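Two complexes are shown next, each including chain A; its partner changes from chain B in the first to chain C in the second.
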Partner chain A sequence: MNEGLAIETNVLTKQYGQVRAVNQLSLRVPREQITAFLGRNGAGKSTTIKMLLAITSPSSGTGWVLGKIIRDASQNREMRRDVAYVVEDKQVYSYMTVEQMIRFARSFYADWQNEKESRLLKQFQLPLRQKVKALSKGMRTKLALLLALARQPQLLILDEPSEGLDPVSIEELLQEIINAASSGVTVFFSSHQISEVERIADRVCIIDHGHLRVDTSLDAIRREYRRITLSFDGNAPPISPSFPGVQQIKTSGRQIALLARESADAVVELARDMHPTSVEVTPVDLREVFLETVKES
Partner chain B sequence: MLWYKAWLETRARFVASLSTLTLFCGLFVHHAVGMMRPEWKADFNRLLYITQEFMAIMWILSAVLLGMGGIVHEKTVGTSSFTLSFPVSRTRLQVIRLGVGLLEAVILGVVPWMVICAISWGAQMPIRVTHVGLYPWLLVSGGLVYYAMAVLVSSLVEGEYSAPAIAIGLVFLSTIILDSWFRRLDVWRFATGDFYIDKKTFELAGDFPWLGTLVCTGAATLMLVASTRAVQCRDF
Partner chain C sequence: MIFKLSPSAGHPLYSQVVQQVRHAIETAVLRDGDVLPGIRTLAQELMVSPNTIAKAYSELEHAGLLDLRHGSGAYVMAKRRLKSRAEQIRAAQERVQVLVEGLHADGFSDEEIQRMFAAELFFDTSPESKP
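Then we have the complex of A and B:
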């Protein structure tokens, strides 16, 4: 286990019958950074998170969270003292009131932050006496966030946190995540909202069909990925699918579009041997990298 | 606070069951206190035995309902991941849930009989606790088998309605099978007192049923341990 990592997995695999939900995943999430975990529905994001927290047991492989091995029940329980998890559908106990819910969660953590609890209660305008079952999904999400943030975790895991929130609440949520990260909390969150990820994440991991496809920093994506479009007079010539330095190739009529990583200049040089009439190099945003990554597989 | 959670989770079912059972017993005996005369002793004892039989039906259904819930049910309603993210072992979650359920089951078995004693005392024809104490004892110790059966089903079967439906089905099926082919093991007859009551005097015949109590609580314990093991091994 690398001390600089909050989460590390080693060929972590989860098999449900014939289906491999997570396939030999080796993930590395650095401490005190915001890491986004992207993937399509059913890609294996939630299963990975559940394995980290021992909610689901891995079929093979292992992992460490905050230095504790996830397959050891007592170490995992110890680790969960320092981890806050906001679940995907934000369901909490419908038979409790907001106040009872807070009292219940507070009882597990000696370092519960009463000031933060009061501040978030006021900010989120949560009605203390109201039953959870009477709350809207947005309010339930805010309650789940309050329960996660007020315990002052070392690691905050959020599974699609902005789902069901209005734009103002999303803004508040993103600000809270940034605030948490700036106070030393490691944030690991899954999301389908690429724009949110681009705003707050330091690193991005993309998972597809249980495989980790991309694990890099957002800066590296901006710096290294390029779209190279080659135009020809006639139909585009055939191109080797293993064109060096190219992650993805798309041929359409008179054009060939290449997605290059790290070596765009070298790819352009090689591409010139195909005698295109023009070569256009454009930067690529996270949305494109994500779409190309998951389409490709 | 896990006790508090388990209590809040079962509170509505428990209060509804307790109210129904207590009301039923209270009314039944209120109308019957006049029968408690020395010359009608056997008739009154028979009435208490009938009360026990009716109460056993309602108590067992209530115990089955109290046995529902827990972490597998939480998976159905979507809160299991939230619960399991707390720094608590699954064993502790299950044991506390069982502790609260057992306490509620005992209260459901004892309080109605206390009400019966109180009403008869109010009517100045007190029933001695030593006289009826056998009934709640048999009801709770025998009925725990049904409670444990319900807990085991709720730890194995997902679904809001399928778990209680299967548990209630099993109660009836096991009673029919045991009564037809293995009468000595019929928990229903144990819980109502049928095995131990003299059908002429409707009082305890023979020794106190320690062995039956031991067998029933042993069987219940085995099922509760199996349910805890099932929860430990399960993916959520």
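Then we have the complex of A and C:
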């Protein structure tokens, strides 16, 4: 267990019958950073988050959240004091009104921030007297967010927090994530919104078919991932599929496109030996990295 | 000052902030004693992680362009020689203008010219774009 990590898993696996929803996942989420968790539907994001929160138990492997081992019930209770979360099937008490729900949650936490509660209440325009079960999906998410943010957690775990929110509400949500992170809260959130992830995340983990495929910083993607397009006088020459430093190679007519994960300079140097008539190097954005990673091969 | 960050530009966001502050100081948009917003405020305004701003500010402090000691804000430190730098930039801009006009006259499109500049600049990793 590494003290600098808020979340750490060691070959964490969840098997549902024949299906491995999460397959030997070794995840490392550093403290005091915003880490995004990306993947297609059914890639294993929610299952992973549920195992971290001990809502579901792993089939094998283990993990630590804020240094507390996830398979131990008493350590789990301690962990939950410092972790706030908003997950898919929010277990909110639907028969209560919004006001009752907030009062109920407030009674559990000594460090509840009344000021933050009233600010978020106003900002989210939550109807106090309405029953939780009568709220729209977006409103229910906002209520869950308020309940999570009005505490002073060390770690905030959000499973697709922007789902069902309109663009203005997504903007407000991101502001609140940044606000929490500014106070030193570690944020781990799953999302489908690549553009929002690209702006606010420090790190990104991409999971596909239960496997962790990418675990890197956004800075590293911006600095290191490059698309290198080589053009030739005649048909593109054959190229070794194991070209060093290259993740993917596409040949089309007189051109070859390479996706370099690191040391693009070195790749270009090697590519010059093939005598291309032109070499073009362009940055690669997170959308491309994501699509290349999860594309069926 | 007004920042324009491009998440897909191929440079880390913090180095974009560093570069834009540098440029603003060089062109006297920011002057000695001016105050930049706190980390939380600027992060929320630009919708980026507070770590991005913290890293940028600490790099600017290291370069002697920002004073963070006061705790109350980030003070710009811009000493002499900056005026001459602004003039240098203006002169360089004129050279670029002449070059671009020449290329236009030779029938190159804006997009082609942009690509040529990008190709030249991409591997010339300036000190700001290093970690």
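Keep this in mind: the second predicted complex is superposed on the first by the 292 of 297 C-alpha atoms of A that agree within 3 Å, B and C clash if a C-alpha of one lies under 4 Å from a C-alpha of the other, contacts with A are read in each partner's own complex, and residues count from 1 in each chain.
Keep in mind that, in the parts below, a residue touches a chain if its C-beta (ideal position, glycine included) is under 8 Å from a C-beta of that chain, and two chains touch if they have at least 3 such contacts.
Source: prediction; values computed, not measured.
J.: Following the superposition defined at the top, how do chain B and chain C come out on chain A, clash or fit?
T.: fit
J.: Based on the superposed arrangement, let me know which partner A:Val11 touches: chain B (first), chain C (second), both, or neither?
T.: A:Val11 contacts neither chain B nor chain C.
J.: Tell me the angle subtended at the Cα centre of chain A by the Cα centres of chain B and chain C, rounded to the nearest 10 °.
T.: 150
J.: Identify the partner contact of A:Ile239: answer first if only chain B is touched, second if only chain C is, both if each is, neither if none is.
T.: A:Ile239 contacts neither chain B nor chain C.
J.: Quick check on the superposed pair: does A:Pro283 touch chain B, chain C, both, or neither? Answer first, second, both or neither.
T.: second
J.: Does chain B (first) or chain C (second) touch A:Glu78, or do both, or does neither?
T.: Only chain B; A:Glu78 stays clear of chain C.
J.: Given the touch rule stated above, what does A:Asp202 touch, chain B (first), chain C (second), both, or neither?
T.: A:Asp202 sits against chain C, while chain B stays out of touch.
J.: What is the contact status of A:Leu270 with respect to chain B (first) and chain C (second): first, second, both, or neither?
T.: neither
J.: So in the superposed three-chain picture, is A:Ala257 touching just chain B, just chain C, both, or none of them (first/second/both/neither)?
T.: neither
J.: Rounded to the nearest Å, state the minimum C-alpha distance from chain B to chain C in the superposed three-chain model.
T.: Least C-alpha distance: 26 Å.
J.: Which chain A residues contact chain B in one complex and chain C in the other?
T.: Residues common to the chain A contacts of chain C and of chain B do not exist here, since the sets are disjoint.
J.: List the residues on chain A that touch chain C in their complex, please.
T.: 32-34, 171, 174-175, 178-179, 181-182, 195, 198-202, 218-219, 222-223, 226, 264-265, 268, 279-286
J.: Flag every residue of chain B that touches chain A in the complex, lowest number first.
T.: The touching residues are 1, 4-5, 8-9, 11-12, 77-82, 84-89, 235-236.
J.: Considering the complex alone, what residue numbers of chain C touch chain A?
T.: 5, 7-14, 39-40, 43-44, 47-52, 115, 118-119, 122-123, 129, 131
J.: Could you please specify the touching residues of chain A with respect to chain B in the complex?
T.: Residues in contact with chain B: 50, 53-57, 73, 77-78, 80-81, 83-85, 87-89, 91-96, 100, 103-105, 107-108, 144.
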